[in-house]
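A, B, C and D are the chain letters, set down in written order, and residue numbers restart from 1 in every chain.
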Amino acid sequence: MKYLGIEPKRPKVGVFDFTGCEGCELQLANKEETVPAFLQAIEVVDFREISSTSSDDYEVALIEGAITRDDEIRRLKEIRKHAKLLVALGSCACFGGVNRLKNGYDLDAVNQEVYGTEPKETLPTQAVKEVVSVDLEIPGCPVDKAEVERIVQHLIWDVPYQFPAYPVCFECKQRYTTCVFELGQLCLGPIARGGCHAPCPAGGSGCWGCRGPAADPNLEEFLQIAKDRGFKKREIKERLSFYGGFEDMP
Amino acid sequence: MTSLFRPYYIIQESEMAQPLDYNRRSRLKHVDQVFRSEIINIIPLTDMEKLFQLRILDGAERERFSFLPGQFVMVEVPGYGEIPISISSSPSHKGYIELCIRRAGVVTGILHKTRRGAVVGLRGPFGTHFPIERMRGNHILLIAGGLGLAPLRAPILNVIENRTDFHDVHILYGTRQPDMLLFNYQYEEWNRISDINLKVIVEQGDESWTGPVGLITDLLKKIRLEPLETYAIICGPPVMFKFVCAHLQREGIPMDRMFVSLERRMHCGMGKCCRCNIGSTYTCLSGPVFDYWTVMNLKEAI
Amino acid sequence: MKVDLNIDLHHLTRVEGHGNIHVQVKDGKIKQARWDVVETPRYFEVMLKGKHYTSAGILTARICGICSIGHCLASLRATEQAFGINITNKAAQLRLLAKHGETLQSHILHLFFLAAPDFLKVPSAIPLLDSHPDIVAAGLRLKALGNRICEVVGGRATHPVSLLVGGVARMPEGLDDLQYDLESAQDDLAAAAELFGTFDIPEFQRETEFVSLKGEEEYPWIGGRLVSSDGVDKAEHEYTVMTNEEVVENNTSKWCKLSRESFAVGALARFNNNHHLLHPQALEVATGLGLKPVCHNPFMNNVAQLVECVHVVHDAMRLVDALQGSDSEPTLVPVTPKAGEGISAVEVPRGILYHHYRYDEKGYITKANCVIPTTQNNANIHHTLRDLVAANAREGMTSEQLELLCSMLVRAYDPCVSCSVH
Amino acid sequence: MLFKVLGKKEFTTFIELLLNDTEVIAPKQVGVDTSGKPLHQYLPVQAFTEIDLSYETTEYSAKTYFLPFRENLSTCSFLDMVWDRQIKYRVQPRAIIGLHACDINALLKLDKVLAGDRFPSPYYISRRKNTFIVGIDHDPCEGGFCQAVGADVVTHGFDLYLTDLEDRYFVAINSERGFNVLQRVKTREPTARDNNDYLDVRRRIAGQFKPLEVHNLPNLMDIEFESKVWKKWADKCLSCGSCAMVCPTCYCYGIEERVSMDNAESAKVKQLYSCQFLDFAMVAGGHNFRPDRETRLKYRYYHQHRGFVEAYEEPLCVGCYRCGRVCLAGINPTDIIGDLQTEYQE
């Protein structure tokens, strides 16, 4: 619909999946009450998981999943050529996601363990930005559909979108959640990027940092706090490396 | 049993009956109402700035709306956000106001896409103003850098309209490049008015630029001042007004005769959201216009 | 008879994950008829190694974005088996409720948005927004209901956050609203049944072995004995006897077999083995749509899914009722890790899922194995495909028609390919 | 002020009266912390037994019932060039039982900013006027320094205020509304003994506070503007905003406007914010007036103990110590103020 005389353009969107659980793609079909409006605001020209139409004529490419094989690298580069705007959708695409955990092992041994004598082709996990240039990253495991909707709106309006600068803690407080540290559990809330509305601490698991670090996180103090509260190095490390989002941090 | 508490309906209370008047600091509680205003004209100034002429739709509200040079309004594009913008037109001009807006983010970005006829919301005017009354009978320096001409245009027009009230009037304006000059179609007019000294300078000229090249302080050096009978208004980025004010101070102009307009993040304009605090002074209530002495005394102001 | 047909379908659409169909019929002879899974392998079993028990459920949920709750529950149960933990009855009810939400969400997604377009002859559900808005709206409402259940109990629709080792983090809020929504879903379910009644489901029979959990008193979802329609009956921890995984060429997914060259799991298998435990209303829908045990038409898996939707909605109502009236029994019991091995079997939307972990005494995983339903189905899909081609490679059949039929067959299994290559 | 004495049994009746009539918010135990200490929160209650008036403190203040974390300010419906705005203020009456003096004082300070001043906030006033407040006296909470900032006693801003005299409550009545509601139950006039007991309790409470020097803070803040103390504490700050969320007086906010996916309507939502966030003072184009933790942390104290004093002759902080308790990094007002004083003395 037109508003203030601005004719909204309807961007042609392609959705492409690489190594991941397809949970982020699934989110595009979630938040059902606005799905029809969402699908009217954009023109889906390629979305293998829900549609048999396929096309190279897209402006926006949403990339889900990490890159773990040669054919994926080739396919991604091809998509990059067509897309005006390439968006990494979800933590796998943004950081490698949980797939990155395999990078800690020798890949031959990994293959041996799972496939025995018939190893399958695989590369160390890479985030999308490690293979092609990325215009926008939407983190989250899975992504938050409400946030995706807002970002798409900003794309349509052609105005910048700013991710929240605050950490998850803030949203936890706004939900009246009792701090999970108070309950004796580890939580990355103080250093993880907010915007997810803190479902995990509220649900009882503590934050695992799926959205990567908040703007200017105080990692040093966080490590001190975790240590003071008796959490072991191994546990903290496991948590920080879980989604690959804290990979670049010292 | 009748219920224990009678609900209190704020809109029915007597205070609410008063008309909307932000300037008189009324006790009115309906402060979240906006004036629905129509964009009557859009005038592109540069690649980044456009001048918007806005008319309040409701006739009675329009009649009542008045402001002083230096004050700002909160402009709301429903759904996108609300931003502070200085009024760029003359206070004596009734009927519509002019806002010069640079494309910078969400709201300004959307405003730049709207078309004539679109309706936006206005609240205000808010904030302090330049003390034009006090300046009468003095020499006037009006100095702007870059987008600073937007807030300065109101006092410029005000001074021009009341030219006889003032002694010498100097308007100095500088930008980085010639294509960034705002309101260049008006210089001719301002310059033709005898007795107004308008000088424009750019930091980097181009092929077509014939005027002076350099910093705004270069223009200042050429002006002979009578410091104790001069008032100065300086609008522009902090680095610029810091240099200019320091220069003028050395020339002997008292710090409380120089006025600047500060910019801070704002969400309400009413001293509630705290986002514009400098130290702990609300820019929206005690500013945006401050004299230089106050600015010097505000910790973290520049 | 001269029948030449060629299908070279890369990355079949409207299924989860990447798989290819290759068919070549020359002079009426099948040269090849293949279902190849080419999804990139992810090596979850390796990633699990060295992880703390608190991470296992969260990590394995990421095996699949559609059945994340199923994976999480299988993982928790395996860990609890290893530590010798018994969760409370209330926690079990909550978990089952979350599972029902997922089953509903997943089945509806498949039925309305992945499968229905074939029957309505459109490439996706998107054009249906304009042509059949009522159908789309009903589908979205049912899917939303499934997701809401997951959200209320699991804390989030995809990748649950409240399901922990030892039970469920907290008693959910909003059960009243849920009950109301469940009751109001009846009309949409009836509409769905009516819609599927109008669909032309291909007639095709193939004698198949069906594997599922064995229901004792209730339609089975979490844990219990394992059965096959060919008469195998094993305990949960003997799962390897049921799966017999092997690595095959051309496939990043493994293949499984039991009494025959392949077997099937999923809604149809559960129905065939446990139909007598379905809610009467669900059975009525089954009868109405011509689904009778033991059904050997793989396309009828769609109908079995719909029947299960009816069943889980009714069962969810029962669970919500029970939970609302329940006492102050905790939802979470304390957990002390210990060295040991745990195996669990859970019926997820696409069939039976096994998780198997070995723990050290500090609660870190030393070995893990997961057997995914689609992994178990892949061989069967492959073999059925060949039979389907054989039955249809006759005069008048075009490559396009056959491609659609083959695609519909694969989709009928609702394969979760990335899962199968976890 | 009028005083009455209310028996404990009548008090139960009184609360039940409220419960039957309106939404009641009261301190409620929500769990225990790692050391087994009970945790309380102001939450809606359905029965008298859920209320625990002997609570020491709550993690969150009652601020959220006046300044919700998120509040819809208005909605707009669009039609191409024009739009129509709807504003709704909350008017449902509500009662909050068991607020301590500091929390009522906090409301009085918020009143100054949000209900008085040049632009009163209708959203706030509407909630404030529709909330029936019953306060209660209590022994100092751990860490609290309300006496130092003059917030340990409260003389107005409530409807009723209770002092527990073991078998009965001594009730101060501060509003006509309070008076009327109290008339629904049996009360009696205080006797000399009641008065004595009441004053004893007050004296006992007042005698238990630890001193903290704050009177010189407005000046000290300016003198110690460049102090190393700020950096020392700011290095620990996580910029998570928890302090501002639990504080009964922090009122800063941000505005978020959203358009519905079908472009038919929009909502203007106010979200309480924190001055500790990186983008608190960031403007378009990326300039940030307080880019580092040090200036942000300092600003919070500056606002509370200097700016507010300048404007209203009293600090904004009521000494409830909630910010100190919630901070994972252990940043707290007593230590910071203490450090500043020490440094000043050196």
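We take it that a contact is a pair of C-beta atoms (placed from the backbone, for glycine too) under 8 Å apart; a residue touches a chain by one contact, two chains touch by 3 or more.
Worth saying up front: this structure is predicted, and the values here are computed from it rather than measured.
Looking at A-B alongside A-D, one finds more C-beta pairs in contact between the chains of A-D.
Distance from each chain's C-alpha mean to the overall C-alpha mean is smallest for A.
Centre-to-centre separation between chain A and chain B, using Cα means, comes to 43 Å.
Rounded to a whole number, the gap between the C-alpha centres of chain B and chain C is 64 angstrom.
For the pair chain A and chain D, the distance between mean C-alpha positions equals 37 Å.
Inter-chain spacing, taken between the CA centroids of chain A and chain C, is 25 Å. Counting partner chains per residue, chain C shows two or more touched chains at no residue at all.
Residue positions 3-5, 40 of chain A each touch two or more of the other chains. Contacts with at least two other chains are made by residues 79-80, 105, 117-119 of chain B.
Touching pairs of chains, sorted by label, consist of A-B, A-C, A-D, B-D.
Across the complex, chain A meets chain D through its residues 1-5, 8, 34, 37-38, 40-41, 149-150, 153, 162, 165-167, 169-170, 173-174, 176, 178-179, 181-184, 189-191, 214-218, 221-222, 225.
Contacts from chain B toward chain A in the complex involve residues 77, 79-80, 105-106, 109-110, 113-120.
Chain C meets chain A in the complex at residues 11, 13-18, 40-43, 45-47, 51-52, 55, 58-59, 62-66, 68, 109, 113-114, 117, 123-126, 129, 133, 136-137, 140-141, 143-144, 147, 154-162, 164, 169-170, 247-249, 252, 254, 418-419. Considering their complex, residues 30-31, 33-34, 39, 41, 59-60, 69-70, 78, 80-81, 235-242, 245-246, 258-264, 271-272, 274, 277-279, 282, 293, 326, 328-329 of chain D touch chain A.
Those residues of chain A lying in contact with chain C across their complex are 17-27, 29-30, 32-33, 35-36, 39-40, 44, 47-54, 68-69, 72, 97-99, 101-102, 105, 110-111, 113-118, 120, 122, 141-142, 199-200, 202-205, 208, 234-235, 238, 242.
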